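These notes open a run of structures that come right after.
The following pair of complexes shares a single chain, chain A, combined with chain B in the former and chain C in the latter.
Coming up: the complex of A and B.
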């Protein structure tokens, strides 16, 4: 059973129990700081180590050694004095380091001396025609079900997109006896040349041999079509077929399940709502927070670790978590920092973990047609707003994502822009001949996840709170 | 669309989907149990009534919204099943009082 945090104040509150959060919370608690780890999921692991303590996939080779690293992180956390609350949705964080968290339908409030945001990444929107049809999901969604429930596709299944996760997922599905009919690789041909100058770092990184053997494993069993330049899903109320163009050939294949993936991007909602400055990253094509070498953000006391700090992968996330926690220990209990690994050691670890990343970012940079849709393709899934709707609004004066809300409600549905924000920024930037940085992003505010009015109304109120709103 | 791997030895949990008994497994998120059930679990959107199934399974897309034990608009991907849980496929907006 999930219960509210035991105290109202902590030295360090870590938000998110993925690789960065697990490492940060364990490090902070080991140094003797009172530490609270809040996480939205039922168990630790975040996305990459999803269901690490409960997965029914017990044959270790099927999920791979990189997955089981997560078990050691969880063990270190459990051996520490950190307090951990799962199924806890943080819906507010502000400049005073006051945190509001929803647990079991009731909100609790905690105050921190330092906050480490480890809210990770989400999959980049893949707005193709038909991407809202039942039967179209993200590759990450399929991987989540595989890890948490040992579920694998058994209908006619197409995987489309690009990037390391796509190949890992395909290998895992095959190992568990699932079905994949075809893989459509959307990696742009020109990316191979662009990535070439960065190849040395990649070839000498651990990603290289692992990635190569995984691709070989998959290609031996599944038909892979490379150079896919167009992609769409169709069906009447349910996915029925996938169409694509490769070379100059168009093909339509029947499908029950289409799994899409074109990389991951930082999940910025909580950080932006806290007022943390972000900038457009031209290489990773997303918003990344402005951070110093210890992960400290533009808001005093809040550091960001893991993929929320800019995509670096799980290994880098673990090290960034340790660096951010060490930064907190240095600030709050300098004497205790002596027993932690030296900052210089951690920085060497980070450089090693980040090796080859530029190559991956360049090679798997998604092509414009898969990021910036046209016509009646849905951009905002929640409010069902199309690319044409957005362009029409630009034509009559909408200047950026925040003005667009008043025209079309984009980003105002329950997902709060997580599935449309990047698309809207890039679409409007292109239409207005501006850079994404100039166009900007949605102004995000608490609550960053929907909570009910009843839950808000049940929050304890002081006499002055009541006086502030009651007349007479 | 999905099948269970034979190595899954978790105990069964009985849930009800629009009154129909469904065998899920302990630890399944509601959305995974629905997708594994073979039932038509499509919700319909509040805006146009378009049919949807879960898209992200990680708490960000809200296409898994479902009524659980009488409470509407729950993110089915974030809630683990419990024995006897009553699930209703949510058609359209959350209803007042639910």
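Coming up: the complex of A and C.
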């Protein structure tokens, strides 16, 4: 059942019920602030704890102990006074902290004194030749099916890419009896050396032993090819085979399903549409919001927590959610803040949770050939624009992503650049010999997710509208 | 070190770019200074209407002049600007509105203008089959159409540069002053000097005029637009309403642009606008009522471009009333895009010949400040 928010105004509106949002909403509500948590999914958890309250996968070892941490977070939230609305898609947020949200096909407007954005991460685009073929999907999409419906691949399956989530997904698929024929590891050889100076922090972090045992578990059951430097998918209207080069050897293997993954990047669309300043992060190779130590953004009253603030993983997300909520409590009800953990304690927790992150970021920094495509490889799926099309537009004067829209409509389709934005920025930066920061990003606009005309037409009339009608 | 040129144009909207190009065509060497990039604001993000229909009488001659250029835009720019001419239709939703249309067309005919034609419900239905059946008729301007605004503005800029214009983007014009018979303008670390200065700075032009002693009643506005996902082709002409605020246009790719002049809040100094969704909902309701086929379409994006609106809704166009060599070209008040090509051509004539055959006398800044020249 979906219900609209009970009130029009809240002290705190939290957007997104992943680890950061769950923690932020619980903290804010426990301190006595009127708190609304809006989340797009059917239940709490975000992607990392997806379907935490409803998953049919009940054998706890199959999804792993880290997954079930989410159940505790949900429990604290439910014990609090926070109002939670699921299947609620926030499609507009502006610098006045006005929020438009679509719930069950009807839109409502709410206003907040503080907003905590916890919109998490998206998978980085992986624009290889053939990536738009049916049969090629992201690892994240496969994981969604696995967590929500216990669906695992049973055809000839290849997983390609790199990063901790890739190994986690592989382990989860295998534990549920799914099929994986081969794993193609695209981690660049040079990254191992680059990451070495950061290894000490990593081996003393919780990631290390867990990651190592997961990789061992997977490697015992699946052939893993490392050092993959080229990758393409082909087939006639449907994926038929995957080709790759490792060492100096090229190989083509038949496949029904190719799962691609090369890490996640902040989901910046709502934050950017609200006018929040972002900067290019040259280590994580993505846009990250400019934030102070409490997660406050450049727009007064909006804080960002979780992976949307820069990729930090679930444990860091929880702490960042608490820090952002504590910031809101400090601002709105300072007396109540005394009951909460001290900011210094939270910062220590955060430092611990972020330990090892630089090592992971350096090791799993995707190689240029998997981020910046060439020739007739599709860049923008919505408008079917190729890498060559983008370069041709640069040659006749397109200087950045927003100018490119006039030439090629890139980023103007329903995805609003989620699937092409980073690729376009990096491709244009390379072509023009500039940094991604200099090239910039699409100016994003609401609705951040499409709404129907009928739904917009049905929103409550404003006073000025009534006047306009009277005036005739 | 000052670079001497023939003219300095401030503002890289369609007007500044068109004037720069036409100055080049007249054999002059202009510099164009744009604080962001060409087409960053209203000129690049407007509805793209190429419309003679329903214009204020004082700007009709300029609009007609412009239309002739639009129809040969590829010859001028080596770029078709995605210009399409399927006419523009003004829809009367009831008999009262149709009576206003009838009087308007009669008035124009009396003045010698024939581009607007009164149409009955049968012709309206032929032109716009999807419109609600209750509409009794309207007005059509058959040569009108639409173009891609960003593509067009960019094409003017590109062609001007090819013909020798100096284009400086990403630097604001500053330190504007007149000395020793020349206008001086700084652009970043560079300085330019020229006998001619054209103020085509859009929403920023009012400040320039005021700083030069010619304040005008102008405000900064940001009309909102929204666009839908692709829907099957159902309409060719651009449609505007007589009574309610709506403009409506389907592109070749199936997407539908909905506008009409509801305003966002502009934050001019941040280059930012905050949309007013309750007003956009009014536009959505109007479309919902008039075009039932649109009800299940999805809105994928809404935006607003920052521009200048005059209190009397007609532009400031022509020579300064105080300063030799200064020309104004701004305040197009939500309907300047179609005028861009023609206004550039006329401005070049004013600069080069000191006059033009196109009637623009009612648009001058001397309507606010009697000339002291």
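Definition applied: the second predicted complex is superposed on the first by the 463 of 472 C-alpha atoms of A that agree within 3 Å, B and C clash if a C-alpha of one lies under 4 Å from a C-alpha of the other, contacts with A are read in each partner's own complex, and residues count from 1 in each chain.
Note that in this section a contact is a pair of C-beta atoms (placed from the backbone, for glycine too) under 8 Å apart; a residue touches a chain by one contact, two chains touch by 3 or more.
All values reported here derive from a predicted model rather than from experimental measurement.
In the superposition on chain A, contact of A:56 is made with chain B only, not with chain C. By the document's definition of touching, both partners, chain B and chain C, reach A:450.
Using the contact criterion defined above for the overlaid structures, shared-chain residue A:238 touches chain B, although it does not reach chain C.
In the superposed pair of complexes, A:145 makes contact with chain B only, with no contact to chain C. In the superposition on chain A, A:381 makes contact with chain B only, while chain C stays out of contact range. Touched residues of chain A were counted for both chain B and chain C, and B has more of them. Of the two partner chains placed by superposition, A:197 touches none, neither chain B nor chain C. In the superposition on chain A, the residues of chain A contacted by chain B and by chain C overlap at 413-414, 450. Note for the complex: chain B touches chain A at residues 1-10, 25, 27-29, 32-33, 35-36, 42, 45, 47-48, 50-63, 65, 71, 73, 77-78, 80.
For chain A in complex with chain C, the touching residues are 92, 94-96, 100, 109, 275, 396-397, 399-400, 402-403, 405-407, 409, 412-414, 416, 443, 445-447, 450-454, 456-457, 459, 461-462, 464-465, 468, 472. By the touch rule above, chain C contacts chain A in their complex via residues 37, 39-40, 44, 148, 150-151, 154, 157-158, 169, 227-229, 243, 253, 270, 272, 274-275, 277-282, 284-285, 287-288, 294-303. Residues 40-42, 47, 51, 54, 56-59, 87, 105, 122-123, 132, 134-138, 140-142, 144-145, 148-155, 176-178, 237-238, 256-257, 267, 381-384, 413-415, 418-419, 450 of chain A are the ones touching chain B in the complex.
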